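Shared between the two complexes below is subunit A, which has subunit B as its partner in the first and subunit C in the second.
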Partner chain A sequence: MGTRQFNVLPGFNLALGYTLAYLSLVVLIPLGAVFLKSATLSLEEFWAVVSAPRVVATYKISFGLSLLAATINACFGLLLAWALVRYSFPGKKIVDALVDLPFALPTAVAGIALTALYAGNGWLGQYLEPLGIKVAFSPLGILVALIFIGLPFVVRTVQPILEDLEVELEEAAASLGAHRWQIFRLVILPVLLPALLTGFALAFARAVGEYGSVIFIAGNLPFVSEITPLMIITKLEQYDYAGATAIAVVMLVLSFILLLVINLLQAWATPLQQNGRKS
Partner chain B sequence: MSAAATALHWHGGQANTYERRAATREAPWVKGLILAVALSFFAIFLFLPLVAVFVEALRKGLDTYWAALVEPDALSAIKLTLITAAIALPLNLVFGVAAAWAIAKFEFRGKQLLTTLIDLPFSVSPVIAGLIYVLLFGAQGWLGPWLQAHDIRIVFAVPGIVLATVFVTFPFVARELIPLMQAQGREEEEAAVVLGANGWQTFWYVTLPNIKWGLLYGVILCNARAMGEFGAVSVVSGHIRGETNTMPLHVEILYNEYNFAAAFAVASILALLALVTLVIKTWVEWKAGQARASNEE
Partner chain C sequence: MFLHHLSQKGKGPRGNLLKGLLVLGLLASGAARADVTLLNVSYDVSRELYKEINPAFVAHWEKRYPEKLTINQSHGGSSKQAGAVIGGLEADVITMNQAPDIDILVERGGLVAADWRQKFPHDAAPYTTVSIFLVRKGNPKGIKDWSDLAKPGVSVIVPNPKTSGNGRYTWLGAWGYALQQYKGDEAKAKEFVGKLFANVPVLDGGGRGATTTFTQRGVGDVLVTFENEAVLIDKEVGGDQFDVVYPSSTIEAAAPVAVVDAVADKRGTKDAARAYLNFLFSPEGQEIIARHNFRPRDPAVQKKYEARFPLIRTFTVEGALGGWAKVQKAHFADGGLYDQIAAKR
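Our next item is the complex of A and B:
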């Protein structure tokens, strides 16, 4: 940390020292423990745990459904952000505030509420099951829970960019004869795209690790509706600490890759956004 | 900033501007269609679950509702949740301010890396957040034998719950303050120091008034998560009724016992907390928007 420029403000050493100490104690050392613990397994043992058919099935369910939920959120989140920025409608302030509900509502509460709605005798379930659509206690239920928790990430990353978009850009395009759909596709969407992808990645990252809202509605059947975080819990309950840790390492590595991708996306987004932004 | 999905941001009412101008206006049927689809999606995925919590909670009447809240296990769950938040919040608040002070007011190598590391707990599954403390402090963990020899219980006891909560709420205050303080620069603080203020005076009289809305914003989001955390706490709690159950865990136990009315009654308290959080959050966004507007005049 040697390149400190001359600065009259006090407290640098104290603040940075405290930050590093607290970060190490709470986050870095405990996370390091996961990797050390997994090192107690030989490579073959590690591979046997993380590539067991039941575990691989959970990856497919967790990552597949997270990807699908993030895609659905990207589409509908964009629509919702668009409606909130561009249109006035009654109750808009309330809708705007409630978009953040999944951040504020405990996941367990969301989980039992969604289950109550989509169970066979629930408000929505009673109409869906006669149609042959079983939502609760099936992979579809996991999807619903992941849509719920991911939606605000997309809306809240797209909304500010949409608000900062210069009206003049669209007017220029319109005066040059562009159709409204062309303006959206060729002028607005390219500016929104980085934010949309960031929101998508954030929703995806959150969905992959989600536990609380999913376990109530999933039914948790092995090979059908079991998610990877639940697999870790199952291993822990069998006192298979090394096995739980091995799966955790796989998830952590994937999360770190995602975090890197999100950072790169935002680095890419910043200059693009400033092009279309009111100064 | 990475992962800044809930940054303090006041949404201006610009809709009229767009709707007035021909170039930024859609045909009425397009507008109607977008509104209908967006609001239906909102209603089904966000609004209905919220309503369901309260309807299910009151389904068996007010007496059952009240009885579920005042039974001893529920009360001890409420108490543990409040204690946990009361410990986790100040810890992460002090950390957030210290980290933001170092990162926003000074230049040093590795700053970007540090900022990313602070956000790390957000990209870790809550289940893993619980697992790491079991690995460290559990009976089979590194410190397990030593802790047992000294009769200290961390995992499957209150300290573990607090630790897991501190981990999952770690970035909230810091990630709110860092961009805010970076945007404010350090001229005001430098002026104060040059005029003879000491470090604490500068912080209390110059920095704190500038960041108070961002600080409050981070704190209420941190609090909501601290009180509502489920996955991480579930791993380290051991689910001992009346002892290591927080409110979300109590909801789970009641629900798994098919005591739905009671489960939703406790859940409705958490949902109310969420609504209060959103109201304060909206109010803070509004105040911060006002403060910014008056600064720009």
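Our next item is the complex of A and C:
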């Protein structure tokens, strides 16, 4: 891509200053305010709030289900992107546009639609519930909502890379005697992996913070289907602003660590990509 | 004060200092000459009520005063709305469904006078409602009283007591009923309320959410909610799908109102704000209130609409449960009774 020595845009200082100022204004100052507000609690109070059993149960649900939803989206989002790039079929442009809908739809609308669909008297729920599969008002419902809102992230990050990937590479591999699985694992996947991880990270980050759609379908039972953002809202409604920010700080730190790990994984995957291209 | 001077303006100009101030004030308020606006910050399901109250009051006001009055409304979850006012939303009046949401404005920043309950009749609550049951047509589970809600196999829909006034009143209704049944034995009352809440499959954030879950999603055998909401569903949403059930005794929820003194003083709207809230207690206001299925305070209006509001034994937070401050601390604070019962599920 670009070179390291030559800068197209002049004025490194100006650009860096602008970047820092912008980032501070938009991201760092609001987050700093969260940390400051939570600092009004003593250390014991802070710990008591964030380690309450009911709150801990929500971390497991929020982070566990978000990771699961992002994993599922990584698999099926890749499949979707593959179908959109490699095949042509009638209505492809429409399917392509549909992928972005979860971006545009107000999350509350998504939540209500999914709940109506999966409730015991809904179109899908009426067939699933007799089979003992309860989707709406259960953790499974949360997973469905999180998959819905996270899907576009994986598709949209993987798609451009797939478009750049030359079919000739696969043909060459095939002519050298590689099986389909070998081609996928050794030729395609290394190139896609960084983008796939980015999509995964974005879908995960989006899912962890999601409130609007989940709240309608979750059922919100303590220890069963409460998400961490609901705990924050609950504290806010009780005018416990410091307690709410304490939980927010824990979420921020956990999310930051997880995103950092994913970034490190990406850094580890990127040289693989270059090797893959060279060979 | 501001308004009185406005109303005298036509009678004969005497160039005094106040008039000069008045002109300055008008200039500061921009182009809207001699207009008054009030912002009423209210809870979620009072929307329909104030849609009718506001034009009635404006007509009433404009008969007496020359200036044009506009009333703006803001609705949302009760505690969230109070939070917005604390955060700087310039409400001239607040009309809530539970006293703690006004008390918090006294506590945080002294926006409302501490003696707000004494500023209007009936502890500043122009109407009340009661927590009752809505069951599916024909009442297949035979639900007649609170004790039936705690039986195994009954599914009860209630909004989250931590985030909703409606849910809080339901919790306290069950608690007060149990205290009566067990002659004040709190351990037994706790066990009873625990059993009842173990029958709750979904906890919605607010009253309207619970209504949707019960009516549209078909979840639950019984919805516990305010009388005005239950009657509205029965009449408007239900067709012929639901029955209203009155328990043997229940909690009375008074809807308190207050002038936000700090804002009204600053904006010079105190007279209009006070008159607006007084209008709620007038026969005309009470009539509109009764039509919206809230229980009016005015005896004459009560008599006129008595068929709508069955007589029922009620108790209040102040009378039976020791007041809101105590209830908040014992039941809903972190680690309180609600949390203890939730932890046992």
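Just so we're on the same page, the second predicted complex is superposed on the first by the 226 of 279 C-alpha atoms of A that agree within 3 Å, B and C clash if a C-alpha of one lies under 4 Å from a C-alpha of the other, contacts with A are read in each partner's own complex, and residues count from 1 in each chain.
Everything below uses one rule, namely that a residue touches a chain if its C-beta (ideal position, glycine included) is under 8 Å from a C-beta of that chain, and two chains touch if they have at least 3 such contacts.
Quick caveat, the model's predicted, so the values are computed rather than measured.
In the superposed arrangement, does A:Leu23 touch subunit B (first), subunit C (second), both or neither?
Touch status of A:Leu23: first partner only.
Compare subunit B and subunit C by how many residues of subunit A each one touches, and report the one with more.
Per-residue touch count on subunit A favours B.
Regarding the shared-chain residue A:Trp123, is it in contact with subunit B (first), subunit C (second), both, or neither?
A:Trp123 sits against subunit B, while subunit C stays out of touch.
With both complexes overlaid on chain A, does A:Ile233 touch subunit B (first), subunit C (second), both or neither?
both
Does the superposition put A:Lys37 against subunit B (first), subunit C (second), both, or neither?
The answer is first: A:Lys37 touches subunit B but not subunit C.
Check whether A:Pro53 is in contact with subunit B, with subunit C, with both or with neither, and answer first, second, both or neither.
In the superposition, A:Pro53 touches subunit C alone.
After the superposition on A, what does A:Ala108 contact: first (subunit B), second (subunit C), both or neither?
A:Ala108 contacts subunit B only, not subunit C.
Overlap of the subunit B and subunit C footprints on subunit A, residue-wise?
Residues 116, 216, 233, 236, 239 of subunit A touch both subunit B and subunit C.
Going by the contact rule at the top, pick out the subunit B residues touching subunit A in the complex.
So the residues of subunit B in touch with subunit A come to 1-7, 9, 11-19, 21-24, 26-27, 30-31, 34-35, 37-39, 41-42, 44-50, 52-53, 56, 91, 94-95, 98-99, 101-103, 105-110, 114, 116-121, 123-128, 131-136, 138, 140-142, 163, 166-167, 170, 186, 189-190, 193-194, 198-199, 202-203, 221, 224-225, 227-231, 234-235, 247-249, 251-252, 255, 260, 263-264, 267, 270-271, 273-275, 277-279, 281-282.
Taking the touch rule as given, give the residues of subunit A at its contact with subunit B in the complex, in rising order.
1-5, 7-12, 14-16, 18-20, 22-23, 26-31, 33-34, 37, 76, 79-80, 82-89, 92-93, 95-110, 112-114, 116-117, 123-124, 144, 147-148, 151-153, 156-157, 159-160, 163, 167, 170-171, 173-175, 180, 183, 199, 202, 205, 208-212, 216, 229-230, 232-233, 236, 239, 241, 244-245, 248, 251-252, 255-256, 258-259, 262-263, 266
Hey, which residues of subunit C end up touching subunit A in the complex?
Residue positions touching the partner: 77, 79-80, 82-83, 86, 104, 108, 160, 162-163, 200-205, 209, 213, 216-219, 332-334, 339, 342-343, 345.
Any idea which subunit A residues touch subunit C in the complex?
49, 52-54, 115-116, 119-122, 136-137, 215-216, 219-224, 233-234, 236-240, 243
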